[in-house]
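What follows is a pair of complexes built around chain A, which joins chain B in one and chain C in the other.
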Partner chain A sequence: MPFATIADSNPIKLCVVIVGLPARGKSFISQKIVRYLSWLSIPTKSFNCSTNLEQILKESGTNADDLFRSNYASDGEILNKTRDITLEQILDWFGNVAACGVAIYDGINATKVERDRLNKTLQNHGINTVFLEAYCDDESIIETNITDIDSTSPEYSKFESLQDTINSVSNKIQFYSKAYQTLTTEDEGDLSFIKLINFSSQIILNHIDSYLKSRIVYYIMNLHVKNRYIWLSRHGESQYNLEGKIGGDASLSERGVKYSYKLVELVNKYIPNHDKLEVWTSTLKRTQQTAKFLPYPQKQWKALDELDAGSCDGLTYEEIAEKYPDDFKARDDNKFEYRYPGGESYRDVITRLEPIIMALENQENVLVITHQAVLRCIYAYFMNVHQEESPWMSIPLHTLIRLEIKAYGTQVTRIKADIPAVSTYKERGTSKLGESSNGTNIMSGSVISGITDKVVI
Partner chain B sequence: MSTENDVAQIEEARIPGNYSARKIQRWNPSSIYATNIIHNNVKSNVKSNDAIHKNLPVNHVSPAQMYSTDSGRMFHAGSICIIMVGLPGRGKTNLSISLCRYLRWLGVRTELFHLGDYRRKNTDLNKETDLNFDKLNSNSYFSLQPENSNIKNLKSKIKSELIDDIISFFETSNGQIAIYDAINGLSSERKKLLDFFKSKNIKCLFIESIIDDVELLNENIRDAVNSPDYKSWDSEAALENFTNRIKANEAYYEHLDSKRANLPFIQSYNFGEKILINDLKHDFLTTKIIYYLLNAKIKCHSIYFARCSLNKLKFKDDPPITENGKVYINKIYNTLASSFTDKKIPKGLVVWTSTRLRTIQSSQIFKNAGCTVRHRPELTQLNPGAAEGLTDQELDEKFHESYVKHLSDPYHHRYPRAESYHDLALKIEPLILEMEKLSHDVLIIADETIIRIFYGYLMASNANDIPLIEFPQNEIIKITYHTYNNEIENLVVDGIAKE
Partner chain C sequence: MPFATIADSNPIKLCVVIVGLPARGKSFISQKIVRYLSWLSIPTKSFNCSTNLEQILKESGTNADDLFRSNYASDGEILNKTRDITLEQILDWFGNVAACGVAIYDGINATKVERDRLNKTLQNHGINTVFLEAYCDDESIIETNITDIDSTSPEYSKFESLQDTINSVSNKIQFYSKAYQTLTTEDEGDLSFIKLINFSSQIILNHIDSYLKSRIVYYIMNLHVKNRYIWLSRHGESQYNLEGKIGGDASLSERGVKYSYKLVELVNKYIPNHDKLEVWTSTLKRTQQTAKFLPYPQKQWKALDELDAGSCDGLTYEEIAEKYPDDFKARDDNKFEYRYPGGESYRDVITRLEPIIMALENQENVLVITHQAVLRCIYAYFMNVHQEESPWMSIPLHTLIRLEIKAYGTQVTRIKADIPAVSTYKERGTSKLGESSNGTNIMSGSVISGITDKVVI
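After this line comes the complex of A and B, so read on.
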């Protein structure tokens, strides 16, 4: 399905061109945009210039240090080749892979001439552009960025010490900064661009002329660089879970109630600063009963309600397979797009969850107690899970999930409450419930048992 | 839960989430709005204006308000004074009104303070008394720095009256955002305002509107001459006078500049073409405001609403369009077409429907006419849940407690498994922004429940009135954006029963 927002009526072909010296948080922003847009089912891919540069250096047998010690020449052979290859990759992607979508050109794009050329070529290919500059003259931010790159960026994992990384990055910064021209509305007023100054203490927005671009701006403004935790849990086991029925608005089972007591303990033990915790639930009984004993401010969101199964609400999978065999099969074939008669699809759930994601990006110390399908969608956002897989992920009951959100990725830890519960997981092609035989669909991350504190990987 | 140094008073929701919305005493319907709206709907082909310029009653409830506290403020943020900055004819009033509409809709208690209104209240411009409106010179009231001391005193008296009202809005009416709409062109003046509000624990956000596109400026100046100041003027003379008024200010006017004074500000060129953001905390409200400014166009076109056919269906049913439905949509099409001067549906018209089969099929006729047609799941009607198809008496019997709650708060209450209007409003918010961004007329073909939500936004309705608004099957609602307010018109579709 070609993606189009209502306001941008033609199928979108957009290239976000990143501009900025090394250690300005460019890759952080690129990967965040990829995460957000692909979660919204907009085909999005980031094309990294420095990966290409590394490859070219290797092929030509040039030493990176030699290049960065030389004087920057905009038309230097190696840099030119890098740019050509990256551009080619993008054009090829739009030509052969994604008929519409968003490509991210993650590079330095240091000079006006380079940007102008890039802009023209992309426009000539019918690709709309927006430049995104991460500008920074605050040394302390740059230092933090370098430390962060050292510990998290795969590009620098080959260096043994922090000092090596600092040296390497500083060399690069020196090399590019001689030629670097920052974006200004005076010099490049015709370009559509976003300029973030010192990680958004000042922002300049120029010609943000489409709805999608404004969405990207809004998203970037909601971003935090700070490492933080988000806590997730499914509701405790419900009566319907015991009976194998889907949907409904059932109360908790006896074991479910136990979990709601246990959850208070888990929160006390594992959530630092839990005195400032906020709890979000859906409007359905089973999540509210699960949150019942948590002494924190609570908010109920309709958007956190379980996927609406329409006419199949209250049935078991066996009954659905029997009553609506075509639907049952159609859903197994494309679980992400399949919409229950009179109900919702996973795509619909993602549409309504968007405000929740924005709010979660802007916040820390939140415990979200919600439902299997909704958790799959939230989890898919933070863990970058592809939409074909995410509806098939198993998210166990009676488990507190910790997402540790860092600049370059998210780490997940599962804290098990050790209260038995039925499995509500259904594999493709069967109507029987139960965990997958090979365990491949279980969410990743380490596991902590609530009793022993022992970490099981 | 408040710390000494924190500017923002943090207040906990007394009862979490939407439950506080169900506290009966806080959500009494405001009878004034209710009668207004129902009255407007009874008559057809009557034009009327929206409620954006009415002061908020204490019990005002906003359509997309996420939660409420006893004070009526949101606990994300404290009090904010938005101070508009800009020369005359830069669309400040226009921007402040549309921003107010959006913020109120979000549930932020927002009020407009136009300096022009205070001036008109205090002076009579068309009499040659204390103000010489015709002769603009350095002594004039309309200079940023008048030399005449009487004029100076009058100016500051009028301003302090406005500032007093802002303070009392914050202190006694539970206000959260005040929008101060005036030129505020001097850097020293702005610094003074910042310091003053700071001393009252009120945050300031300056929004400057700059127009450097000559054509846009001229267009805007022509529009500004429609202001109440020039009610009885000849349009040529008014234009000349207004141009002189701008000149009188230009000599002294200072732009916001982070190098000169580091104020928290948003500077918007040519209505969002270029935006500079300086020294702002990116909290919930400021990001919403910026996002809105990026999308808000100065609009002069119309949004049309037509009901879809067959709305006696069950929520879960999704049948194809019937013969009757086809006849119905043809009539809608013809009525709409004949309302345009050339009796044709313009190709630029954008049509939105839900993803239900019958509405998709209904829109085909517009697609054939070359219009852009989009289908979105958010436009599906309100899910009535367990209340579906039940009469009031049956509801009372089956869900007695719920039924009583519903009567007291039909906007926020939801029956088991149902959606409330409030839920719909939150779901539709992204579409509202898309609608603001569009520079075309839009036709929304949807169920009555969805039309109510859009209507509530465009006409600045109180949430409690929204479930009561009726949209007869035989009418197309046309809401047109104007500088000062939105205007509604009902186009009657011939040959269709009212219900």
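After this line comes the complex of A and C, so read on.
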């Protein structure tokens, strides 16, 4: 039996139907929800209406400009077809891929009639619905959104200038605005909905009647669009690292201590406003020793402790392969779900990291000094790395990692301390560790749109 | 350095100012917030205006009926004095008791002028504010609330009949209604507020600008007033229990196996609607073996695993006292905060249990089969047991515990299986375990208003 986590406490089919005019931040919110819920192991997928619309326009040889210059008709053939296809994709996904989970219907869903129809069809298929409206009448937010769309949305990459994007988006806004009906409790009080007004300065919640819905609301409340940095580092090289042992509570090696001195320099040089920095460590010695010389407020979190290797704690991978060959193989086969006897799996680590992620969404100027597996999980959240890949990412020692978090993506910069360290990276199917991590390791991970990974120094 | 938990991620002084006419469920919400945040180790205290009002009326020899028959005057002497005293109590608490934490100003706070004044004063003292309005125009909810008040509120215990309570509350409602101004974004858009409409069927959030506030909202969203049962049990007696050892992953003893059979009977006999029961266990053998014969859907939660005794895992208390005398004493001195080397503290367990509590707030008909320390933490939440006492509660083996959760309190019933078991209860200052738990142990804990503990069989 798989172990239950938050994802399983109330397994339901839920469709989050996005509502909102163009440039209201709909895709930002959809993407964030997909990333967060997927990270928590809840099957989640976004279905984008405008991608489908583009395809239909192409196939029918219709010019988008012509469509958007016409009058909006809720039952117009092209829009109807777009909606049908999106809905079919969702029903198909629930029917054939995800027995439970969250589908996001990312579209305009402009009118009461359309929403009512959608709600009823989903209900008939045993799918719960919550409407999520991104309502915005603050022109400055809309302008910022258009600029963001221009620089990040593949849909607008064909335009050469920002002005072209502005014109195109404005046409669309005009087209949909004429028909658009905002969600109100007076008119659609029977629907379960979340209405975000001007990002989330005001939120109206109507019939939020399940745990999963409340969790989505909680997450959205904690989102910010402000660009900011989060800083990450593994502890310095430890005695156990030198001996190839996992787990334990060893002290730093001589080179590890060097890194702890060097880290002060790196922070001074690379972290702007470091006078306001806060340093988070785990409760284990090696992270606290690494933070020792940093003259900033420090917090120790149990949730940042390394993945608990249970009965394998203190062993080398070779010893594990010898003593527990079945476990060794099982872990290689499914590293995300595998739980050390009496210890933890990556999935377990994510469960306990969730409050840290929520706190990080509210923070800037934090340096998190923690452990390989924990950093993989934090990194996976910010970089949207799939759970099959995340336990295999190589995150080298003696490297300060900068996450630049922007509305539509995260950019990673690695700052190497130039202090040699052993590699603690074990490839699948072997019990040997990699070469020295000084300059040779690559932090892998799926690079999605708007997310890049670069190395400095 | 104390270890950081969710409570410390953004330590602030926050005052939750309750707004609402009488019988709107204000005290229910205040009490729940106090209980939840205190359980999470966030210093939280509710300051009740009507208690202060009663005192002032008494001192000034004024009859309450006379006051409530007069016309409401925002600046009336008695109400002004009541507000001043409540505010002083809060400022005093932040000044002298809690450097950070949450004060709840539980009052009517009927008018814009009063709220504006309060907001400014709190702000001047460096205290964040969020207003929490319980708005209700559903007469059936109000009637239920009055009945609840009659049976649970000490303020109304002096009345002999429900009708007397109804008359008294109705007078108060009339008195405040004339002046009452509900919170709207149009009129008080600058305030940070949560407006609950008809319990929480609709919620309006305005400027929820901190993690702690979002957490309070999330918690409120998950509250239900429906009366329901939660069922708890420790695993059956284990081999380790027999040997006096802590931790480990031992199997059940012979008597433990007997309990697992007996549990089926108890469930059949005592749990109504047991055909819809769900059973939650930890990932450890002894809980799963205890649940083995229960023919209901089962979920295994890592979060329900026993407190991790780290390097003391598998030892007896005598061995711990001998091998680690300092640790043994430190644990007795502060059992809630003490963390076993490489293991956990009660505080750590509460942090990982939080999602379970949130799931339980959304559930009924669950039987949770888990471990002594974990049960203490779950029990402490539902029974509002202070964290200094909760690690010392005795929760006997081979006993099915029924929590009857009502709006204004939880009632406990213990159903003994009549199968002998060792005691696993260690008193402070000794390494010896208690007598056999068959019929001798008492589940202690502070019995607060509306909460009782009774034993059947």
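As a working rule, the second predicted complex is superposed on the first by the 425 of 457 C-alpha atoms of A that agree within 3 Å, B and C clash if a C-alpha of one lies under 4 Å from a C-alpha of the other, contacts with A are read in each partner's own complex, and residues count from 1 in each chain.
Everything below uses one rule, namely that a contact is a pair of C-beta atoms (placed from the backbone, for glycine too) under 8 Å apart; a residue touches a chain by one contact, two chains touch by 3 or more.
Remember, it's a predicted structure, so these values are computed and weren't measured experimentally.
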For A:G434, using the defined touch cut-off, is the partner it touches chain B, chain C, both, or neither? Pick first, second, both or neither. neither
Just chain B (first), just chain C (second), both, or neither: which does A:P420 touch? neither
Once the structures are superposed on A, label A:V217 by its partner contacts, choosing first (chain B), second (chain C), both or neither. both
When the two structures are overlaid on chain A, which partner does A:G95 contact: first (chain B), second (chain C), both, or neither? neither
Which partner chains sit in contact with A:P297 here, chain B, chain C, both or neither? Use first/second/both/neither. first
Chain A positions touched by chain B in one structure and by chain C in the second: 4-6, 9, 185, 189, 200-208, 211, 214, 217-218, 221-222, 249, 283, 298-303, 339, 342, 344, 348, 351-352, 354-355, 362
Contact residues on chain C for chain A in the complex? 1, 3-6, 8-10, 185, 189, 200-208, 210-211, 214-215, 217-218, 221-222, 249, 280, 283, 298-303, 339, 342, 344, 348, 351-352, 354-355, 358-359, 362
Please give the residue numbers of chain A that touch chain B in the complex, ascending. 4-7, 9, 185, 189, 200-208, 211, 214, 217-218, 221-222, 249, 281, 283, 297-303, 308, 310-311, 339, 341-344, 347-348, 351-352, 354-355, 362
Enumerate the contact residues on chain B facing chain A in the complex. 12-13, 16-19, 66-67, 258, 272-279, 282-284, 287, 290-291, 294-295, 314-318, 350, 352, 355, 372, 374, 376-378, 383, 414, 416-417, 419-420, 422-423, 426-427, 429-431, 433-435, 437-438
